[in-house]
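Look for subunit A in each of the two complexes below; its partner is subunit B in the first and subunit C in the second.
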Partner chain A sequence: MASMAAAVPFWRAAGMTYITYSNICASLVRGCLKEPYRSEAAAREKVHFAVSKWANGKPEKSSIRSDSHAE
Partner chain B sequence: MYRHAPRLLTRVIGGGVRRSATARAFSTDLPAAPSEDAAFVEAWRKVAPNIDPPKTPLAFMKPRPPTPSSIPSKLTINFVLPYQSEISNKEVDMVIVPATTGQMGVLPGHVATIAELKPGLLSVHEGSEVTKYFVSSGFAFVHGNSVTDIVAVEAVPVDRIDLSLVQKGLADFTQKLNSATTDLEKAEAQIGVDVHSALNAALSG
Partner chain C sequence: MAMAALRREGRRLLLSPVSYNSPVAARSAILSDELGPMGARSVSTQAVRNRMKSVKNIQKITKAMKMVAASKLRAVQVRTENSRGIWQPFTALLGDNPSVDVKKNVIVAITSDKGLCGGINSTSVKVSKALYKLTSGPEKETKYVVLGEKGKVQLVRDSKNSIEMNITELQKNPLNYTQVSVLADDILKNMEYDALRIIYNKFQSVVSFLPTVSTILSPETVEKESEAGGKLGSLDFYEIEGGDTKAEVLQNLAEFQFSCVLFNAVLENACSELGARMSAMDSSSRNAGEMLDRLTLTYNRTRQASITTELIEIISGASALTG
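Showing the complex of A and B:
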């Protein structure tokens, strides 16, 4: 019965999840690329989302849409 | 809890001895994974002989192939990114992956391993040619039959990296690390420093 836990990585200790850590690493690497590759990579980072708050079973009018890179 | 300690200790030691006696330095002679659990099917038939036993997910999957009884001479690697497959079923001599525990060399017959990767250099050695990629993070799975799957979020050949951007980033993040206040800021700055110093080392190494 092991009572010793594996050493927690510094980002986990600061409250970050592995996915966040991995995505930050990936975007930093993309930011260090030479020119044509850099713009191709920037296209990969684009995230499309739409957020709407709901009240009384209906979505409120103001919903946030994003067609650009969100971090 | 301590009353059970001697029993637990001997159980662990007993289990350990048994396991190490059959431990394989290389993964050979593993049979193919069974597609159904014989013990379950037998127990089912005892209880409900007229009903067909249900199929388990394993019956629908391709079973793990048997590991060859002798170590293969080449390593088969698959290297995939979320948006493309870099290397697919290529036979190589060796691959060095940047595991969190250090640069790990994988040769044919390597024991089955799962390694988490840190930002660093991945090099594929085939004959006398070496292809190097910089990997941002990911995992490497070495299977018993000398097939290695490497998955990474972002990987670039090293000649696509811009040295001036790397050095600028390193300077920026070192400065952010010194001036960071909250834990999260410190973690982010530390990640920045780690990634940029790995990039720097990859370019100059």
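Showing the complex of A and C:
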């Protein structure tokens, strides 16, 4: 293609990992579906978990990642 | 006083194996305690009856939990077996290097949030601790990322300074790849690693779960190991299309591999958790049934003994009057 010998693809330059990139692409594909399949696919996209980082053996406050798509 | 003594007697009867030589002695002991200060007699049967009722309720609850776990297991098992194909290409390409020796290790231990599932969480934690010992040494650093409440509770006791992250409430929605990949992304962004080791219980069958370790190397480590030859060394034979360099491709592959392997590991662990819960609840119902049998025997013996005593008293009273 007419790209220069790009050392880094655009999404990595923007700070995304491959996982984030593929998740965005996947949700775009899911958005192209028609109605009955669309809601079924939307159910497969739900994200919910609670993360807490630890520092010096003590947990800091946990934050809940609860969005329907990773961003 | 009498109640307490009777409870002790009852417990001793229940705990000892059923032996039909001692009931006579036990019965007289119950009888002597049974006649309280007022000569009241119904105390013992009431206590045993209450205990029988509560044991029966527990049996019903554990049976129900087993049914629930069995039905959930059927659905998750299908998904787990289908997800096994997602990491196989990676192992075919990159091989499996559990014995790789690197400076920074991150141990991802997968456990459950809910309890009553037998011993799987303890085995996972045991394997994690063993792996920690194995990978620690001078200039080496090992950290934990714990998925699930139960693992956190066990690890916090002696390794709380090595825990880096803790993730809970993972099973609030049914498990899907998007969720696990977001989680994998979070872990990758927050941890520095040369090798990631995921510990989970692999689901062999409803009664057998195998603690397993999956190793994922960072791209730099892959480079280093490829010099040693083997599967990684033959990566250079592949032609890379597109504008990416080999380092680029390896980076993408490493991230994707982690996400896929983590997805499979989470599913397998969920399956094992349900299977372990099924067998734990099953043995619990069986134990409750046995306990109920023993209690029924005690109850009947006590009841018959009190009836016999009453009869004896009446008859002796009557004979005293006539004779």
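Keep in mind that, in the parts below, the second predicted complex is superposed on the first by the 43 of 71 C-alpha atoms of A that agree within 3 Å, B and C clash if a C-alpha of one lies under 4 Å from a C-alpha of the other, contacts with A are read in each partner's own complex, and residues count from 1 in each chain.
Following the convention adopted for this analysis, a residue touches a chain if its C-beta (ideal position, glycine included) is under 8 Å from a C-beta of that chain, and two chains touch if they have at least 3 such contacts.
For clarity, every value in this text was computed on a predicted model and none was experimentally measured.
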Contacts of A:A26 with subunit B and subunit C, given as first, second, both or neither: both
Which superposed partner A:Y37 touches (first subunit B, second subunit C, both, neither): first
First, second, both or neither for A:A50, with subunit B first and subunit C second: second
Per-residue contact with subunit A, leading partner among subunit C and subunit B: C
First (subunit B), second (subunit C), both or neither touched by A:W11: first
Partner chain(s) touched by A:R65 [first = subunit B, second = subunit C, both, neither]: second
Set intersection of subunit A contacts, subunit C complex versus subunit B complex: 1, 22-23, 26, 44
Sites on subunit C touched by subunit A in the complex: 160-161, 163-170, 172-174, 176-179, 181-186, 188-190, 243-245, 248, 251-252, 255-256, 259
In the complex, subunit B residues that touch subunit A: 8, 12, 83, 119, 134, 136-138, 153-154, 156, 160-162, 165-166, 169, 183-184, 186-188, 190-192, 195-196, 199
Subunit B contact footprint on subunit A (complex, rising order): 1, 10-11, 13-16, 21-26, 28-35, 37-38, 41, 44
Subunit A - residues contacting subunit C, complex: 1, 3, 5-9, 17-20, 22-23, 26-27, 43-54, 56-59, 62, 64-65, 69-70
